[in-house]
Amino acid sequence: MAKPSLLFLSLAFLALVSGCLARQLTSQTPNECQLQQLNTIEPTNRVQSEAGLIEYWDPRSPQLQCAGVAMLRVTIQQNGLYLPTYSNGPIMAFVVQGRGATGAVISGCPETYQSSQEFGQGQYGQPGQFGQPGQRGQQAQQGQQAQQGQQGQQGQQGRVFRDMHQKIRRIRKGDALVFQTGVAHWYYNDGNSPLVLVAMVDVGNQVNQLDRILRTFRLAGSNPQNPEQSLYAGFDTQILAQAFNIRPQTAEQLKNLGDKRGNIINVPQGLRFLEPQQQAGQGGRSAPPRVFLQRNAMVLPHWNLNAHSLMYVTGGQAWVEVVNSRGQNVFRGEVRQGHLLTVPQGFAVVKRTSSDQGVEFINFKTNDNAVISTLSGRLSSIVGLPVDVVSHGFGLSRDEAWQVKHNRQDGILTAVAPQGQGQGQGRADE
Amino acid sequence: MAKPSLLFLSLAFLALVSGCLARQLTSQTPNECQLQQLNTIEPTNRVQSEAGLIEYWDPRSPQLQCAGVAMLRVTIQQNGLYLPTYSNGPIMAFVVQGRGATGAVISGCPETYQSSQEFGQGQYGQPGQFGQPGQRGQQAQQGQQAQQGQQGQQGQQGRVFRDMHQKIRRIRKGDALVFQTGVAHWYYNDGNSPLVLVAMVDVGNQVNQLDRILRTFRLAGSNPQNPEQSLYAGFDTQILAQAFNIRPQTAEQLKNLGDKRGNIINVPQGLRFLEPQQQAGQGGRSAPPRVFLQRNAMVLPHWNLNAHSLMYVTGGQAWVEVVNSRGQNVFRGEVRQGHLLTVPQGFAVVKRTSSDQGVEFINFKTNDNAVISTLSGRLSSIVGLPVDVVSHGFGLSRDEAWQVKHNRQDGILTAVAPQGQGQGQGRADE
Amino acid sequence: MAKPSLLFLSLAFLALVSGCLARQLTSQTPNECQLQQLNTIEPTNRVQSEAGLIEYWDPRSPQLQCAGVAMLRVTIQQNGLYLPTYSNGPIMAFVVQGRGATGAVISGCPETYQSSQEFGQGQYGQPGQFGQPGQRGQQAQQGQQAQQGQQGQQGQQGRVFRDMHQKIRRIRKGDALVFQTGVAHWYYNDGNSPLVLVAMVDVGNQVNQLDRILRTFRLAGSNPQNPEQSLYAGFDTQILAQAFNIRPQTAEQLKNLGDKRGNIINVPQGLRFLEPQQQAGQGGRSAPPRVFLQRNAMVLPHWNLNAHSLMYVTGGQAWVEVVNSRGQNVFRGEVRQGHLLTVPQGFAVVKRTSSDQGVEFINFKTNDNAVISTLSGRLSSIVGLPVDVVSHGFGLSRDEAWQVKHNRQDGILTAVAPQGQGQGQGRADE
């Protein structure tokens, strides 16, 4: 064993990960979570683009419907650009492989309409000027500065300008990203290997006011397999020409109608200009939030109090068991790289590495403040019970009850006997 | 053109309007927002009263069902009184025409029961006293004062009394009003023309714990067309007599059973007493939150990140296009006075005046903190993309890409070429 | 009449009770609250255990489905222990009878995984050590202390340990208890009579991300009538042995497979050890939050603005009427001990004692900040209306209108004429 430690986890980004996504409500049809059997699932739908691949898990999967999430995996080839896209729910994405950059436009723009007098301090507004956009922009800039100087008076209006920014940052394997609902974002792979992300879209989140079906809005690109195109393609050419103040021919081009490259295109010469926008401090945010368990490690049995948890395995292998509210085993089996397993809220789960290489996985959670409770170990309910109660409750001798309470002193993670030692039975059944 | 400015918007009340209604959750059945086609809709159901008219948009309209809102328009004739009413969702109302007054009872009354000893400081509680309500009330007043003096000790109990107040204020064209769920409110028209309000009831809001069907509870009045009556009418006469401490005959009258006047009744002599209750400061809250675009103005293409937006046109005419997540045009056409058009969350929309008089409209939004993002202009995602990406992404020359990024320097509003100039095509298709 | 006061309410715990449960969202299928008729309901399903009984109200009851809650009543015999259990929604429970103790494990445990180096400050991590749990625990303790000393650096990780605690407290008749979603809790009856609790599980609450069906997860015990067992029973024996670091035979026992005692077992020798854990201050939290109305008392007609209210009668008898949004009476009748009646949000309700012994009841509310508004009395909407409006609105003389407004000066509670005096009609109809 190369590493001296049995268990390892990079600690940065943990707040982001255990925090997951704020969900304030779940809207569901009745009986949606009558899951008699869980299973590991893999993506079923592939959308190939010029420079990459988007794979979707089946949205009709009962466990994903119960969890109210959509899951996808994006593979971006070298020099591939995933064109700007937004969705009808918050997105949590993990970089599973490779490196690159990502950008999001957060305009923070309430729909406020400004009187032109407000902009130009009364020096503006001759209709003729509108043909000169550069000048208008300049004026608007002045207006902005003026506004910032009188923020107290004008309040909200100024936000149109102040909050606008482009966030560009480097990403690499192990990074976790969160994009709020409706925020357009893109990825670029300037590394030497494919850039792979696994993402959960929390369509069950309250901020999605549409139904719970994933919708992906594309600012550019198209799906060559489906009748999907960019948002620009849906507008009249003349309207676009006016909106951009460009010639109709350019506007027509902007609609990208004949484009067969899909949503991930090749930009071979690279996006060099990105570099200056990166900040050193941001570059350090690459510590992985994934969990790595070395061999013979166990995550003690526990349940999620207020969230669903979706386990995506990025490497190695684990033995997992899940138990429902009737005490019935609804999953027992190996999970391996690429597998996704839903652990519904309240259901009890135990995980144990089942290969010498250990196991590495990510837990997507549907609650900002996900909390767990353990069924064994120092922090479990059983420890809080009097020995007599444990003894009576489970029909154990007092000595056995004491052992049940105190033999396992770990919090959530522990080391277990090597596989094969008294373990054969449970495993052999598989 | 009379006004020197191309675009005009009264700025007061903007926070209220763009703020709209707090919505923390949406509960929907699956596939409720599969809107392949949007259309402008007008009220379909009319309920005539003695001194006015209530018109309802069809609650089964797919776009209203998706948005989770009910829409209605209330027309109150001169000296008409819209009797106190509350609903199972927060209400946002706009005064489209006329002037008058409105009142709301906000009792802020948690259901607390007081020991009579608490009220009277031990000097109270002889059963015989209960027949003398005036005295009881007086005692309660004393109790209230006593309570306020010892607020720290008694905490919540005192709220029964402290929070009770009647809010009466003047309203006129352009005002926006918000009534919280379950808060009874009334309107009175003391102007010289009909008082018209358009209102959205956010039945999809989390605070509505019933289903998403609008329910209107009336404290007085009745619907002469439907079997609807006031809440009092549902109680036994004897119970009412006891509750009000009045004779059964008066209680019977209170039930208003034979009344055919509906929910808007005529009060010809006016409500003079209202005047002293108005405060000068409140009278100033009449700045209109509606949007007015002069001719040749355009609201740049944009989407709503976290809200539905319902556009109600109060005057003039606009050309509007809406695009869904597949890049398909789901609406393109003129919208005119009295039209309602839903722009679902995430869908892209562009608006352009299409008459010389401009256009005036209101955006009802289903989120307290509605945010938009633009598809063109200085604040759009495209501006944040490198020229190379725009060029590659859309198959444009570098020069064209530069124009796409920078030719339109406005934030959300812009001026466009006069209609007919290179515009005919798009319009002629209609 | 023994007591000098007509109305009585113990004031302690009121914040807890009127506060009820935080509900931030309701997800429902359409038309779920089309309640044309309400009725009092009693439990329909009984699950007998060795030392007690759990009774469930029918979850398919239209009024419970509309309210989005599950209701149950637990009766625990002397020396009976209700084994640790948690649910998929917050629980509000009232002690209706008896005395005992309750405990809850609030581990507050985000699922964080610690590197072993972090724990032991580099002195830890030899694989061999893992066979000695006591020592590991000790090390972990050290780790904990170390962490607390460097909280600022390690942030969230430390919470695994700091937040863990067992809450044990004495309970007795009149107490209100709240258990958050997923928090395991138990009850023990060490009194001299049965300990009876009535509980509402708010499965419509946003924190329940499963569907709205009650799920009860049991850490121990089983349902001898249904195929329900404890969570431990769902895991492989070998996994349990490893999780607890116990022999497989003990693990097998822990699964409790042959146990027919149900979820409430007999612990005749008592749980003496509990006593030192009680704090004097906590012992005082027994003041009842129930409402007691003496004879001839009335809760004035009112509605709930933002909550459903479920009235459970613990003693005596009341006459209740409920009116829906169409002014139709949907309930009028006597409610008696053991009856449950749902008053949906917005519906108007009036309650009057109808026996000489008065009536005692509990209001379960589905909102943390439940607010009511009255239809008569000093705080009602009608008082805020001008006399002319009341006169015109209801077709009353000015004098009658004045009486309607001012004859009843109470806030929410009042005394009414003794039964039989002008009251016979309403009652005789029943």
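By written order: A, B and C. Residues from 1 in each chain.
Throughout what follows, contacts are C-beta pairs under 8 Å (C-beta built on N, C-alpha and C of every residue); 3 or more make two chains touch, one makes a residue touch a chain.
Remember, predicted model here, so these are calculated numbers, not experimental data.
*Asks:* Determine the shortest chain-contact distance, in steps, between chain B and chain C.
*Replies:* Tracing touching chains, the least step count from chain B to chain C comes to 1.
*Asks:* Taking all residue numbers used at the chain A/chain C interface, answer same if over half belong to both copies and different if under half do.
*Replies:* The interface of chain A with chain C is built from mostly unshared positions.
*Asks:* Report, in degrees rounded to the nearest 5, the angle of the rotation taking chain A onto chain B when the C-alpha atoms are fitted.
*Replies:* My answer is 120 degrees for the C-alpha fit.
*Asks:* Averaging over Cα atoms per chain, report the distance between chain A and chain C in Å.
*Replies:* 35
*Asks:* What residues in chain C touch two or more of the other chains?
*Replies:* Within chain C, the residues that touch at least two other chains are 24-25, 27, 29, 206.
*Asks:* Hey, which residues of chain C end up touching chain A in the complex?
*Replies:* Listed in rising order, the residues are 24-25, 27, 29, 81, 83-84, 86-88, 103, 105, 107-118, 125, 127, 130, 133-134, 136-138, 140, 154-157, 160-161, 164, 166, 180-184, 186, 206-213, 215-222, 226-246, 248, 250, 253-254, 256, 259, 265-267, 269, 271, 273-274.
*Asks:* If we count contacts the way the header does, which residues on chain C are in touch with chain B in the complex?
*Replies:* 1, 4-9, 11, 14-15, 18, 23-34, 66-68, 204, 206, 291, 293, 296, 298-309, 319, 321, 323-330, 332, 344-346, 348, 350, 352, 363, 365-367, 369-382, 384-386, 388-389, 392-396, 400, 403-404, 406-417, 422-423, 425-426, 429
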